[in-house]
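In structure tokens below, several structures.
Both complexes shown next keep chain A, but they swap its partner, so chain B is in the first and chain C is in the second.
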Partner chain A sequence: MATATQDPTLPGRRTARPGGAGSRRTRRRSPRLRRASLPYLLLLPAALLELLVHLVPMLTGILASFKELTQFYIRDWSAAPWRGLENYRVSVDLDAPVGQDLLNSFFVTCVFSVLAVGMCWLLGTAAAIFMQENFRGRGLLRAVFLTPYALPVYAAAITWAFMFQRDNGMVNHVLVDQLGLLDERPFWLLGDNSFVALAVVAIWKTWPFAFLIVMAALQNIPKELYEAAAIDGAGIWQQIRKITMPSLHPINRVLVLVLFLWTFNDFNTPYILFGDSAPAPANLISIHIYQSSFVTWNFGTGSAMSVLLLLFLLVVTAGYLLVTSRGRKTADV
Partner chain B sequence: MQKLRVAAAVLALGTLAACGSGSTGAGETGKGTPKTLTYWASNQGPSIEADKEILTPELKKFEQQTGIKVELEVVPWADLLNRILAATTSGRGPDVLNIGNTWSTSLQATGALLPWDAAAFGKIGGKDRFVDSALASAGAEGQDPAAVPLYSMAYALYYHKKAFADAGIDKPPATWDELVAAGKKLSTGGKWGLGVEGSNLSNNIHQVFVLAKQHGADFFDASGKPAFTSDGAVAAVKQYIDFMATDKIVAPGNAEYAQNQSLQDFAKGDTAMILWQTAATTLESHGMKPEEWGVAPVPVPSGAPGTGQNINSMVAGINLAVFKNSDNLDGALQFVKFMTGDEEQKILNKTYGSIPPVKTAQQDAAFNTPDLAVLRDTLATSAAALPRVPEESQFETAVGTAVKELFADAAQGREITTELVKERLTKAQQQMPTK
Partner chain C sequence: MSSAPTAPPRSFLWARAVFLTLLSGFVLVPVFVMVSSSLKPLQDVSGRFRWLPSGLTIRPYFDIWDTVPLARYFANSVVVAGVATVLSVIIAIFAAYAVSRYDFPGKRVFTVTVLSTQMFPGILFLLPLFLIYVNIGNATGIALYGSRGGLILTYLTFSLPFSIWMLIGYFASIPRALDEAAAVDGCGPVATLFRIVIPAAIPGIVAVAVYAFMTAWGEVLFASIMTDDTTRTLSVGLQGYATQNDVYWNQVMAASLTVSVPIVAGFLLLQRYLVAGLTAGAVK
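Our next item is the complex of A and B:
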């Protein structure tokens, strides 16, 4: 993502010098101006593309959220009648099934995201720290750990869907037939267990990313720190708490945010596991919006829900970055 | 500076997070050259590849006759409707396409498909060539059809001859009571009487639609408003769920079936009966021999299928539609004429195990085998079209999901009461667009 990180000191250099003839000033200023505008000029193609690829569809979506965009109008949707805030009213009306379902789906997604991000981070960090030690087969293990991330999502999730089948699936075969932990064969893709199934697949699929990032970050912590700590008598836990964790802080800040946004918006996993209609305990918001727009052919309401989701994520992201960056600032000082 | 960076990052990540709600472009090929057509076929054979192999020689034949090259794309069922919607939104799509006939009215409402008025029918040999019930499932009542029928199908009861013989049942059940009684005899030793696809929304709809008809109910009233909670509709849904919940002739595991696993179970001999449309090709691809199964009409309360409350199938089938935005309408009509011509109708319907909706082609002896005769007679005498309202696809989702959830409840041992069924159907009705 182009985060527009041009040197912010550049415009500040363009201080007007008092005095001097007007002609001289313009002559002198123009190369500076040119220099100052160069970064913007270089960014322009990227910005334009960004506009085209992201902002235009986003604005279209926002526009659609104010329209009655049903099957009667999708062919020529400029002719669709305006509905004002009606789509939003329907989406947040908690007395009606649409609003209730959206709220329920929102809660499910929040719980799911917190759980999945937490587990991904924990597993990834733990594995990365264990893998720091040099031992035989470390490279192989690292490669094995990364496979879920390297597999195509569709193939991986559909394999899980087969494994979770009640009668012929491997999960039940192991749990019921081989280990004898359960007497009854539970359903994993229906009812309450569907949340567990979804969380397992999502964590399995995403934790290698956390592992990869943390592993890379660990390489940058100087060995001397650990050596010095060891000489001072710090145990392994103290080393992790006092050296590893603080050094990982900036990485974690970005990692957790990215993991959160990915998990919160995850569409592929629930869609492949459950198809068009996910069971209520696993009805993530992205699939809920998909169903509200594509399956019921009401793109206006679907867009309104998307906009609400976007607003929520913007608030969360902004709040998160503000809080964490403030924390970092004080730590730096 | 810090703030600026935070703001930039927020904006960038927000963009990342935004759900795409714009339109997706459909592949556009062959535009500008009137000597080509793009054709989206639905997946009718055992696989996409098989469909390509079946259709390509026929398309070559069309090219020889007319000089028009047809570019074929076989679209899987899971994607077809979304692809059509995307094509409708963008105005860029195929010239000719297959649609599930139950979508006809919904898609007709979008205005993306060429209406088949007398002039258009004139170019393909006239409206009279087609069977009435098939034409009736090609759009809303009183409007020009949005498509023409291509392949017709109907539901039938497929049963295992050997399992029936072993259980001492001498003939296939003709009423639901007989079916339940037979099912109970057959459900022993890890085997089950009946197979269902509990998580397949469309299939759920097809079954409860017919059962509702038999209870004298419809899911939409005469004015086209949803009427999901009438006593007849509730009783119909409950009857279907009770095969698992009360009668215990359906394996609980069937609640999560959505990928035709019930056909596999049937082929393996784990279930003795299924209610299915044109299952022959798929059963054979699972290794069954045609003499191993029997085909009978779907049971009705009176034992004799007919009209009214003795309906025992929906009118299933595939329609062929022309995209209004096509820049080769003339070629598209020629192609429809070719595909609905007697010769192609015989070849394709024979291959796919379906019934030709074209009267003259239906007379062919190939469609008079015991299997196909059942399907043909059902279509001719005791099949009804699913509700012909623009909200049909929403109805499939809402009620199909309600049935799926009830199956899930039944499979997990929860009691299925009339109140519970009514509650779920009420919720489904509330999800329908209010307009």
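Our next item is the complex of A and C:
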């Protein structure tokens, strides 16, 4: 990104040097120069914005994680005293409540992500494969399936919160009154069940994205492959196993990673379902850090936790890409 | 598979029917609850749950505008999401054009950096960005914190990485021969972008715009911190119904539906572009 502001003149100058004098040549230099710097000009707005909204804040956050940044220093955070690694020590100190809560939240988030990613991938892939072949009502069904993804997350989560109410909610009405599966009305948004509620809402909201991506990927599989397989006597299940699934490998690699990063960083779903403070079994890490920062106004510790989260995601992503690209050249981007 | 000479076996048809039916149920039940509850009188939603209204009413759809300043939230969301989308798409087009058509030092650094910002937890840069906006405001008087401008600036970068990535793929699929023909006709690079590449990439651009708008329309985390009473967007404003002493669930559902219908309708109308864009671009 830094190169965007340094390099543009170099290639242009080199091309303009050989040659004689004359006003035509100097005029000629400028379009050449412009051509060399054009890509940088085109990239400049994107680079500046990424710098302002992502990279500078990220560096600031790393800096803040070494400071004692409480509400007294918000107005002028450069004056906040340095704390060294104290914020990190507090965050990972498992003998104190702060560290224990963070660890608990981390575990909850890991289980939640694995579950949600697995289910979203499964539902999305199965639905896309079942709908690969045309049948009556396919277009309508596709629109239905994409609806949860299109709904704004807050509208979806509020509706689920309405359905998960203990006394008057639809879920308990079905489970207790209509099916008689349970004797007592359980709480869904408090206690252990809150994890189930959170997972259901997240899966409901996210699986259509997997569906969308796999559906698009399926259209790139050449028809001839299936025709050849059919001539060789392969049934449809075999075609799915031998042709469809292997063809989806490259896209699955990206899809699973994206789904993982989304669910791991998910803030919106728990925030709408539970508000500022989620119950411990559904206390996803983003909510936890949000609460430790904005509710208690301790930005230093919050930043340290965020940095730890980022480091974890970096390691997981790098490891994942390394493992999945074994034997294959990474020719993405 | 569509041209397979033999019809799929029964086991496949049964599995398909069962799976798709169950999945439709899972998807549709909340939608049904939302619609039916928004048409119920208040006593239906404050007592035991019932699937159908005891009497149909559209009163909730009138009341929602008075319980909270929904019209203002709506206007804020339209302005923020609309402007963020337009800017994000323009910026992404330029960036993707540069990457797909030129070789230059730093190209790889750029694409990798932009893509990896997708990975950052929003919470990591929420706090610093909040501090930066506050400090910019104190230093220059430009109010970013609490203003629509600050939110627009933030949101447009959220959709940039995906938009750039998708458009790079899409632009790359447009034959270079078209560019070269345009160059022979005397078009400069910028003219080529506007006359050749953009018209050929309309589906991809529409897809990216849909994505950008949805991202901005649905964002909660930054909206909850970066807005005040006058600039509040729907994502935060809708929670206002729940903080009333009595929650008017029929109004909550009516409001949820009202703010969802434009975006869902738009998405479903344009989804084929999204699929086409993904097929041609990102999902190689």
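List of remarks:
The rule is simple: the second predicted complex is superposed on the first by the 282 of 333 C-alpha atoms of A that agree within 3 Å, B and C clash if a C-alpha of one lies under 4 Å from a C-alpha of the other, contacts with A are read in each partner's own complex, and residues count from 1 in each chain.
Everything below uses one rule, namely that a residue touches a chain if its C-beta (ideal position, glycine included) is under 8 Å from a C-beta of that chain, and two chains touch if they have at least 3 such contacts.
Keep in mind it's a predicted model, so treat the numbers as computed, not measured.
When the two complexes are overlaid on their common chain A, residue A:Leu182 makes contact with neither chain B nor chain C.
By the touch criterion stated above, A:Asn265 is placed in contact with chain B and with chain C alike. Among chain B and chain C, the chain that touches a larger number of residues in chain A is C. By the touch criterion stated above, A:Gly302 is placed in contact with chain B and with chain C alike. In the superposed model, A:Phe294 lies in contact with both chain B and chain C. Of the two partner chains placed around the shared chain by superposition, neither chain B nor chain C is touched by A:Val323.
Once chain A of one complex is fitted onto chain A of the other, the partner contacts of A:Phe130 are limited to chain C, with no touch recorded for chain B. Of the two partner chains, neither chain B nor chain C is touched by A:Val111.
After overlaying the two complexes on the shared chain, residue contacts for A:Leu42 are found with chain C alone; chain B is out of touch. In the superposition on chain A, contact is made by A:Ala64 with both chain B and chain C. Touching of chain A by both chain B and chain C, each in its own complex, is seen for residues 1-4, 50, 54-58, 60-61, 64, 74-77, 167, 261, 264-265, 286, 289, 293-294, 299, 302-303, 306, 309-310, 313-314, 317.
Across the complex, chain B is touched by residues 1-5, 8, 50, 54-58, 60-61, 64-65, 70-72, 74-77, 96-98, 165-167, 185, 187, 189-191, 257, 261, 264-265, 275-277, 279, 286, 289, 291, 293-299, 302-303, 306, 309-310, 313-314, 317-318, 321-322, 325, 329 of chain A. The touching residues of chain B, counted against chain A in their complex, run 1-2, 4-6, 8-10, 12-23, 82, 85, 88-89, 91, 106-107, 109-112, 199, 201, 251-253, 255-256, 258, 390, 393-394, 397-398, 400-401, 404-405, 408, 411-412, 427, 430-431, 433. Those residues of chain A whose C-beta lies close enough to touch chain C in the complex are 1-4, 7, 11, 35-36, 38-40, 42-43, 45-47, 49-50, 52-58, 60-61, 64, 74-77, 123, 126-127, 130-134, 141-156, 158-160, 162-163, 167-170, 172-173, 177, 204, 212-213, 215-217, 219-220, 223, 226-227, 230-231, 235-237, 239, 250-251, 258, 261, 264-265, 267-268, 271-272, 285-286, 289-290, 293-294, 299, 302-303, 306-307, 309-310, 313-314, 317, 333. On chain C, the positions that touch chain A within their shared complex are 1-6, 8-9, 11-12, 15-16, 19-20, 23-24, 26-31, 33-34, 37, 45-49, 51, 91-92, 94-95, 97-99, 101-102, 104-115, 117-129, 131-132, 134-135, 138, 153-154, 156-157, 160, 164-165, 168, 189-190, 214, 217-221, 224-225, 234-235, 238-239, 242, 249, 252-253, 256-257, 259-260, 263-264, 267-268, 271, 274-275, 278-279, 282-284.
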